[in-house]
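Here is the structure we will look at.
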Amino acid sequence: MKLVVAVVQDQDSNRLAGALTKNNFRATKLASTGGFLRSGNTTFLIGTDDSKIPQLLDLIRDNCRSREQLVSPVSPLGGNADSYIPYPVEVEVGGATVFVLPIEQFHHF
Amino acid sequence: MKLVVAVVQDQDSNRLAGALTKNNFRATKLASTGGFLRSGNTTFLIGTDDSKIPQLLDLIRDNCRSREQLVSPVSPLGGNADSYIPYPVEVEVGGATVFVLPIEQFHHF
Amino acid sequence: MKLVVAVVQDQDSNRLAGALTKNNFRATKLASTGGFLRSGNTTFLIGTDDSKIPQLLDLIRDNCRSREQLVSPVSPLGGNADSYIPYPVEVEVGGATVFVLPIEQFHHF
């Protein structure tokens, strides 16, 4: 048994939660912000058997991996028109930071 | 010294917090949702000496154990009257998922 | 590699977050309440190499250490005038509770 702590971006959070449920992993979500990743994070606590760790890591990587995304800039209403870029730009989104923790006891009441 | 991570339902959260304080356990509460248990969870982080782990587990079990509860169904205003059950039903409430983690260092500043 | 869990008071949280960023520590913040410290806490999760643990502990201590602070009492509008103290009083603020956890695996996707 291990406790897996995964910090993922909010935009990937629902997709990961769905994938975990579908694959019978039991997780709890903690609201979190900033730091490991850009702002707006969710921290998942997932308890799982050692034998399922590779499957779990695959799920996290598949649903949260860092990737480039085209973002259409918002028109600078009242903003700085000089720095306005009138075409979509690539930004890096996603990414996950994952810690696998040993546990001494696990209980379910 | 251990770090105990306990995920409990919101409805048991205040009672457990009171019991922890009364018994001189020091805990911090994290807002959390879904997964290990039905929606509306609280995650407690509790640092404690190894010798007090059995007492702590007893407190968590006594205050959060999964049990049946009679729930009076709400009248289906605008809902599906065909599936309306006009008498109280038993639902499972409560439950706790508890991880006892080893720690390498503990500091208090 | 270690996972450091630090519970600090809200009033020290932004200063610590700034110090962590400035020193290239990567942290995520969890909203938390009560228990280890007086109400209004923030829990930081910080992943770091073993060699940087002493520096990290110094940062936490320097930014969050428990200390006395002079607080000007608020006038007891509609309150108990008998117990009103019309001069600043010293209260203890700050403080940090820190757990250093071993990890079995660390991944970054």
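Going in written order, the chains are labelled A, B and C, and every chain counts its residues from 1.
Assume a residue touches a chain if its C-beta (ideal position, glycine included) is under 8 Å from a C-beta of that chain, and two chains touch if they have at least 3 such contacts.
Quick caveat, the model's predicted, so the values are computed rather than measured.
The touch graph of these protein chains is complete, with an edge between every pair of chains. The rotation that brings the Cα trace of chain B onto that of chain C spans 120°, given to the nearest 5. Put simply, the C-alpha centre of chain A and that of chain C have 25 angstrom between them. Looking at chain A, one finds that residues 30-31, 101-102 touch two or more other chains. Residues 2, 5, 7, 30-37, 41, 43, 53, 57, 60-61, 64-66, 95-102 of chain B are the ones touching chain A in the complex.
Here chain A touches chain B in the complex through residues 3, 17, 20-21, 26-31, 45, 47, 101-109, going by the rule given at the top.
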